[in-house]
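Chain IDs A, B, C and D follow the sequence of writing; residue 1 opens each chain.
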Amino acid sequence: MENPGPQKQSAILLISCPDQKGIVAAITKFLYDNAGNIIRLDQHVNMQENIFLSRVEWDLQGFAIPREQIAASLSELMQKFNSKYELHFSDFVPQVAIFVSKLTHCLYDVLSRYREGEWNISIPLVISNHPDADSIVKKFGINYFVFEINDDNKQEQERKQLELLKAHDINFIVLTRYMQILSPEFIAHYPNKIINIHHSFLPAFPGAKPYHSAYDRGVKIIGATSHYVTSDLDGGPIIDQDIVRVSHQHSITDFIRKGRDLEKIVLARAIWYHLQHKVLVYKNKTVVFD
Amino acid sequence: MENPGPQKQSAILLISCPDQKGIVAAITKFLYDNAGNIIRLDQHVNMQENIFLSRVEWDLQGFAIPREQIAASLSELMQKFNSKYELHFSDFVPQVAIFVSKLTHCLYDVLSRYREGEWNISIPLVISNHPDADSIVKKFGINYFVFEINDDNKQEQERKQLELLKAHDINFIVLTRYMQILSPEFIAHYPNKIINIHHSFLPAFPGAKPYHSAYDRGVKIIGATSHYVTSDLDGGPIIDQDIVRVSHQHSITDFIRKGRDLEKIVLARAIWYHLQHKVLVYKNKTVVFD
Amino acid sequence: MENPGPQKQSAILLISCPDQKGIVAAITKFLYDNAGNIIRLDQHVNMQENIFLSRVEWDLQGFAIPREQIAASLSELMQKFNSKYELHFSDFVPQVAIFVSKLTHCLYDVLSRYREGEWNISIPLVISNHPDADSIVKKFGINYFVFEINDDNKQEQERKQLELLKAHDINFIVLTRYMQILSPEFIAHYPNKIINIHHSFLPAFPGAKPYHSAYDRGVKIIGATSHYVTSDLDGGPIIDQDIVRVSHQHSITDFIRKGRDLEKIVLARAIWYHLQHKVLVYKNKTVVFD
Amino acid sequence: MENPGPQKQSAILLISCPDQKGIVAAITKFLYDNAGNIIRLDQHVNMQENIFLSRVEWDLQGFAIPREQIAASLSELMQKFNSKYELHFSDFVPQVAIFVSKLTHCLYDVLSRYREGEWNISIPLVISNHPDADSIVKKFGINYFVFEINDDNKQEQERKQLELLKAHDINFIVLTRYMQILSPEFIAHYPNKIINIHHSFLPAFPGAKPYHSAYDRGVKIIGATSHYVTSDLDGGPIIDQDIVRVSHQHSITDFIRKGRDLEKIVLARAIWYHLQHKVLVYKNKTVVFD
């Protein structure tokens, strides 16, 4: 890692509420009154929906309120504005689980970034419905658990997966090309905490074999989309997308090859945004404070 | 125009046929035997479909066969390979008609490029279903014809439009945001000779109001698509596409503003490819020899 | 224009000052205390330089301070934070002058956007060092002034240009491929108020004939850059850049053709950002609140 | 790997020579006469330099000339056209060496792709001037050799490196952020066979710390460039480039983070093109038949 730089201990407040006069004034006054040095303030008003969304990050050093009392101190203010909010600390290390099937390019990429220290996380385990990726995962010193899934055992297997996830205090799940549809019940345990990479430019080509469909349609650009998983297949809030040009020279194999690079990057960017608490979700859309 | 350069008089052969050994050898031998200097040769074999597609351009200067006999000279060869083909000459000036409705950004762009000499064409007329663009078109010294279209008169109006087009020997039609669906009968008169610009990244968001749909879906990238018009609405062979990033900061109005720039460029590029005879169509897809 | 929407009368404050605690709190409190409804608040802290930069836009409707007294009301606050600031009103219509030489693609594009109502401006005149574009400019109903420039008369001609600009109350100048270097004295009259489009991806290929240099170097991507003009040739603060892929198939003529489209868009975007007061300049760089 | 597909055994001829009539006819006739089924034919004529460049790939199955006699059979034809040429076979597995310093993101990416089978190569060793990456390389089961380099020992160390490379029959070298300048003598052993990734959009920001320079200049787009190494630092023939947008929100650390993704992809694409024999070099530029 080139130039990682010193990392400040900071607090991050994510807030969304009905738009109204004085919100920013109240929040910034609260921080100012408590000697909080704002590192970054982002806010967005969606005029059509009349929603105020904001992310405020401030230095914990010198802040007048002890870390463990900040949430309580904020609650009155948050209630006054009828807001939903989350409070995070930059030095918290989330426990992350990876789900993978047979294709391993995104898995390799995620594990390499993890080992390089690109993200401040811990990955205690990888879950798969196939044994194929075992040796890769082991090479990175991570536990690998196989849950084979068929028409009859899905509910039972998901229950066991959840037990395992809870046992490891998993905060966040990344699907690196996991080819099973998670049940709404499973997803409900991790709302906006499961990121998937879909290998098309959504909403074009949802579902299976998007590269084949793109090839058949004769598009000149292909894409990849990272999104939070909801019970609507490939319909969750989009976090990031990117594209690459293709031409008649490119076969489906070329589409897949070029697409792999997109998938890796678009997934990694979504993970980074999520870990930095830069993503807010509202009405099945995201605000990403890049 | 910077550096337009001397333009050679050249012949362009577009050919598509079942793939088979010896095609390129036969074509290049034919040209070599007749002292034809190849300016550019492009060819593509679609392995899945076993189709051979090629574009050959050669200098007419010094070519042994007189221009008016080239087609006849080629026919035996073309029949041998069971090929569909077109022969064009680079100094031919096509007659182009523009169709427009109320939005004029693409119209302005096309007429400006025309007046700047970017394309070697003649635009004798613009057709519209609204009177709005009359003064713009007149400003560029071009005739403007209004054919109002309602539920009852479409067939009759299209018949009159076709008469007008035939009277002006129109070879090629450009729809610069023309908000009427052309009938299959009309389209049949200009197969792969009508270019439309659609304001989305097809196949996402076909039909009306794609920017609104894109906004509602929360995409992070919007696009535009130029394609040949077929009887399948927004389903014709794609010639070019391009995209631009958007974020939560952007309203629908911003989408529309950013999209306009895409539309202008993606349409202009398709026109250029078409005029250079760089586009071959097969199985509702295009080969574009950029 | 699709969906222009109702435009609010708003005030826009641009501010830059040394970063310090309480700035945002103070500004937002000022607005809140005076019943100001914030439409959009953007702020950025450059940590390396310890500079705070912000753009606040609020609705004039219902604001307690009359428009003509806002500047005075703000001055105490602005002085307290030792800030440089500008106050703008969204309904002000700036007077814009265009400078052009022989190439007219950007000129056409700017005038077309103007006539379509894309920008809320008035263009009373176009200035050139050549007579070539006269008929185009006249077609758009705008006055065209020629100031031929040679080695001896530059100072004198610039003096006359400035007189003309002052006589028309010009607020802002756009160089649509103007091939003369403006003197530092001239530029000093319009600091960060002259936008140029340079036909390369700066800092690569400054100066003359960048497409030729790009071709000779064998780059795979070409670009265009819009920037404020300073006395450092092609060295002013960059507002926007964009790129397009090229390949060995493309000649210098193709580079120029593809580049023209970039130039038009990158210039138009810079004009839009400037007119929306979304650009702040510091240390020869820009903050653009897109 | 999704859908790798059956791989044909094919021969690939790369040819460059002065442009002249009849070249393509002669080559394709040679193949046709020997029952060669062309899989793909690409050719390009650089008009300015009057150079003909081509890549022909044909199926070895059914070809009348045995593999080991093809070179001899071609030589007469190649001499007739005064051409430089290379003959390759698609089933040949090149021996590839990696050079790395301390930054390992490109190394991880290259080794992951290698282990996934994305390229048909063998990587017997990684060379470094630092011990840091040892454990990574070992994890992938590859030998790691450290050659520390200082002001006095460079010539001697390069001599030893060359010995090692020759001992392993290395055909091709990839520099995954190797922070030493190779001597012209070293490079002469691998002309157009050493690929480097430079972390800027060349020719902007050659040399050290390009992300810092880009940040200081205030660019809105950063890039990466893969190129063949010549004795001209960062001046060799460019194979591929790509870019990503940045804004004032992004610190140098963000530039570096975003740039890493570019570097990985732009390097991997160059390796792929090289391995497919899709790159021809002439006059310090490349033709890449994508």
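One rule holds for everything that comes next: a contact is a pair of C-beta atoms (placed from the backbone, for glycine too) under 8 Å apart; a residue touches a chain by one contact, two chains touch by 3 or more.
Not measured: the values here are computed from a predicted model.
S.K.: For the copies subunit A and subunit D, give the interface type as same if over half of its residue numbers appear on both sides, and as different if under half do.
M.R.: Mostly the same residues form this interface, as more than half of the numbers used are common to both chains.
S.K.: Please work out which of C-D and A-C is bridged by more C-beta pairs in contact, and write that pair.
M.R.: C-D
S.K.: Looking at CA centres, what chain is most distant from subunit A?
M.R.: So the chain farthest away from subunit A turns out to be B.
S.K.: I'd like to verify one number: the distance from the centre of subunit A to the centre of subunit C, where each centre is the average of its C-alpha atoms, in whole angstrom.
M.R.: Chain centroid spacing, subunit A to subunit C, equals 37 Å.
S.K.: Using mean CA coordinates as chain centres, what's the gap between subunit C and subunit D in Å?
M.R.: Computed value for the inter-centroid distance: 42 Å.
S.K.: Can you list the residues of subunit A that touch 2 or more other chains?
M.R.: Residues 47, 247, 249, 290.
S.K.: Within their complex, state which residues of subunit C touch subunit A.
M.R.: Its residues touching subunit A are 21-22, 24-25, 28-29, 31-32, 35-41, 43, 45, 47, 245.
S.K.: Under the stated contact criterion, what part of subunit A meets subunit D in this complex?
M.R.: Touch residues, subunit A against subunit D: 1-5, 103-105, 108-109, 112-113, 115-116, 118, 136, 139-140, 247, 249, 252-253, 256-257, 261, 265, 268-269, 272, 290.
S.K.: Quick one: in the complex, what on subunit A touches subunit B?
M.R.: The contact residues of subunit A facing subunit B are 44, 46-48, 53, 201-205, 217-221, 223, 237-243, 247-249, 251, 284-288, 290.
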